[in-house]
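The structure appears below as structure tokens.
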């Protein structure tokens, strides 16, 4: 919450007869202030006291006050039973003991997730889906309930504090992973480490990641669940020893990896990392997939200096706990080829055609049907194909992925473009007629290119021969 | 099954040497009649005998005959190995021992679920999706297989009994929660308490509710699974003590709540209830969300006298096992705001425009494309948004919810209205021309209202300023 | 991998001091060659060594070399630490010990899954979604990454081996169940029996089947999960004794069945079978459901001689572990009626209209919007309805099934046909005008038939009376 908290904690611990450093030495006694908290909350909110009772924090005598103590000058400090405390325990607070983890998180995309405010997705929730009718003390001009209960719950809110130190209801409850806290820090450790048991078993579970990494635009948990990895996890998770302190695949467990194993977990050669991008060799978020160092550079993150192939080597090191290098190398050939197919066949031509279509569109973004069609092709379906291939979920790669991309590209996107062309050509505006002509030329060029001319029934004789042979071969198998 | 069953059971228990009241006193011996059942069914259907062996019923010596005994005059009684029995054990039968639970259920929406017969959804299954070609003894005029294997399996069938006492195949197998039984009672306890172990662990599991509370129109289980509550449950359900008799959050468990915890479970201050609506403060079923006492009044239920704020207090009492009152109050601000946004921005204008569109539609409901579009906006997507917010599942609130609502509102509903207007204006019928004019006026008024004028690119200068600032802020973060 | 492997294994086992037959007698010692493998792979890929350590193979001293040994002449043999081995262990190899299981699998649709190459689905992945830009040693003319990471991962690749004995990355990693192996055998045991623990608990888990039996076109795992069977499994899977050797429902477990219980598992009267079609009485794959013996005959499988009613009796025998014959018979009435409804109301008329529409379509399959509409009606939604009814998942039967079928039939398919008719009538080609006329006549005839005339608001007075009564009855319940 504030920079002076360590000092404050130190002082209060001295007062209670134990020093701060004692906390890391697992003191035998619990602070008097925390005892006071517990004595009341045992009755008021018994569940969280018992959760804490299950936690390593309890065993280490890190109790209520050690985390919730606040300085009077903290934005969100309030006087409660004669003590200044704050509700939000920010990464800055957690860093008192978990410095490395917090630093790693701060350098990751996770901590920057709230930067989506102002982006395209935010236009959707703020304006298209929403309005500014949710007026609170922190937002006198109003805010969108669709953003508050939607986007912000994963991406994080910018927490506002009322005059009386209470948290603004538009911004809290919120454990979005990129939450901007009253003390200015970015992130929310409890996004993954659920209060108040902070169970490592829970943090390592794929469902934890699935709170946000799910749904039409990034169905990571669904892909994991259909993958061999997820199948093994589902059927035998009791054998994973998920509460072990040391948890190295191949040494401490071998039944299956969870999300955490591959993207964050320790291996024989690597430490645990809380920078989730360090083993990822493609960033599949944008319309056209890019290398992670490129997006890190854009965001001013230190990852700008860590090239994709170094990250891939990090991942391969995880794979090697169970897979031969031939397996892993071949997998990456398959993955890269799928990205290339998507990028070249659909993403780049689609972007170019949307650019050509612009003069023919109504000015407000998302007031044109084609805005939605194109958005879903790359943001929903195109991601599903790419993520499906990344994590070996064939149904997501194909039926939820490339199949949907192709369907919407050929049966929705192209007809919508043709519609724009037709209307443009009939327009009174010379500009529009010219734009329609240009769009028509662009569309024709694309449809006549090797990737798309099947649509015009213009397969080359050689291609036709291959297809014919395949069909005959198929039919012969069914006599 | 019948009113005289208690007497009958009493008599037969006397004959077998034990009295009925003995059953509730946990007799040491099992009835002779049930022993006869078991001796044969051990071989015929061994699974259910073993399930019963696992059950509390077994421990209490409540065996086959105690539940399946029937009076000769019962509609569904049939002679089986010299005894009159019935297959269906109705709530009336269960009430012999479980009176309170049955009464609570009877007062709830659960027991009234079969009243959907004749509703809009039923038109779909009976006519649009189906036909009346499934002819059975109970339905000589035929019935729709889509209703039988679809709707009725959750909502409940009206069970028909054949001349020979057998159950009509159109109506059974069926454990729909609002089943109308041969004895006239409404409900099916085995909808949730699966035969024949009647395991409390199973009844309390979220998957049990998920049999019906899932899918495009009410994805409660999916929302739960993505919520913090569901995540905790998934990763640590072994710690919930789900088979405990006393099962109070904060006392007997604290890792996570299940559906049952919040909507039905005992707390320190409340008893278990089988009336699932008593903690719900919005009814999100209709196009526009209403208060639960309003829908209870419509259905003639005693809940008509229990206002939404009393119900909300009931729920807050559950929350308080783990959450502070500030957390809970703020959550309800978020939830209410989302309902308001949906109701005001989409539901009410949508309903009004559909009313104006009526004269321009083909007469048969669902023969117009716009019938489907509007139906899904409120029945599928609008519910998902509202339910998602109710249970803190951000992906369902946004991507499956408000995003889809907005997409279909702007990219399907409005274009379909424009299409109707255009066709109406070109019509030969004066009535249609007038209706088209009225619809155009209504549509124009809506599009020019504050919630929708972004679509016409008519944001106020102030709104534009806000958006511009947000975009610049966003871009600056990516340099 | 090759025919001589048994001999080779025999020889090497003799050399190592144990004979091959000793393997099936659970020798006390492990072969020297395998010890060598382990000594290195313990460090290189420790996970798989530990998995094998958990397996029955380990207990039986069937170790690395016993399965991976290859003959020098094998296509995929390569020299590794002075021994010829191959990466792929094919069904032929597994048959050394598991002859019956491999034979049964070979006779099943599972082993023939790669025959999809050349089919309609393959056109999608090869041409529409893909291209031939994935050039590898095995595919100098290129291949489609959408097929490689999509279709083939479930259906199986035709494995290609490079000059140096390495496996072509387009074809491996691949555990598709119909994989065509370098030795010519069809199938992949590790599709279900995940390497290297080969845990029976995992193979019996529904999630294992869910790797492929999921998604928009065959959501078997989703249907199971919402069914009573799945609910019981989810909440109490610890009670199923899934690692027992003898695993007979009603004897060894009784809480719930998994996919494997019903489709493959032993009963008191039947042995385990690896021919998954022997208990299935409808093949719901094609546009119109057919009997399984018909499709087996088309594929030249021995199942051609096993009629559907015999297969149904096999399944009923499984059901009877827990359900009465009345229950089971009635269930099948419900199931059959749903198939009939779908076949007669939607599938057959749809196929006939598509045939009439052909002359009006652009020549390239899937370049017409209606191609996609019709494909999804039968391949996606129609299957969901049928599979939902087959496995008692009411939401899949209705909301994901018949509802979607009807919606797309009436709100997409018919308008698309009307559009084709209109364009055809305006055409300069006499042929097209004639075709449009014929299509119009076909459409009119269908819409005026009893199943569809509701769409024209032409319900018979009797039908109208029924609907009116139902609506009044419904309204009276809500007063």
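To keep things simple, chains are lettered A, B and C as they appear, and every chain counts its residues starting from 1.
Everything that follows uses one rule, which is that a residue touches a chain if its C-beta (ideal position, glycine included) is under 8 Å from a C-beta of that chain, and two chains touch if they have at least 3 such contacts.
Note that the coordinates shown come from a computational prediction; the quantities given were computed from them, not determined experimentally.
Q: What is the set of chains touching both subunit A and subunit C?
A: B
Q: Do subunit B and subunit C face each other with the same patch, meaning over half of the contact numbers show up on both, or with different patches?
A: Here the answer is different, because the shared fraction of interface numbers falls below one half.
Q: So how far apart, in whole Å, are subunit B and subunit C when each is placed at the average of its C-alpha atoms?
A: It comes to 32 Å between the two C-alpha centres.
Q: Could you list the positions in subunit B whose residues touch two or more of the other chains?
A: Not one residue of subunit B touches more than one other chain, so the list is empty.
Q: Residues of subunit C touching subunit B in their complex?
A: Per the stated touch rule, the residues are 225-228, 230-232, 234-236, 239, 249-251, 254-255, 320-324, 326-327, 329-331, 333-335, 337-338, 340-341, 344-345, 385, 388-389, 392, 394-403, 405-407, 410-411, 415, 450-451, 454-457, 459, 463, 466-467, 470-475, 477-479.
Q: Within the complex, which stretch of subunit B touches subunit C?
A: Going through subunit B, the ones touching subunit C are 44-48, 50-51, 54, 87, 112, 115-119, 122-134, 136, 141, 144-146, 148-154, 166-167, 169-170, 172-173, 175, 194, 197, 199, 201-202, 205, 207-208, 210-212, 214-217, 242, 298-300, 362-364, 366-367, 369, 371-372.
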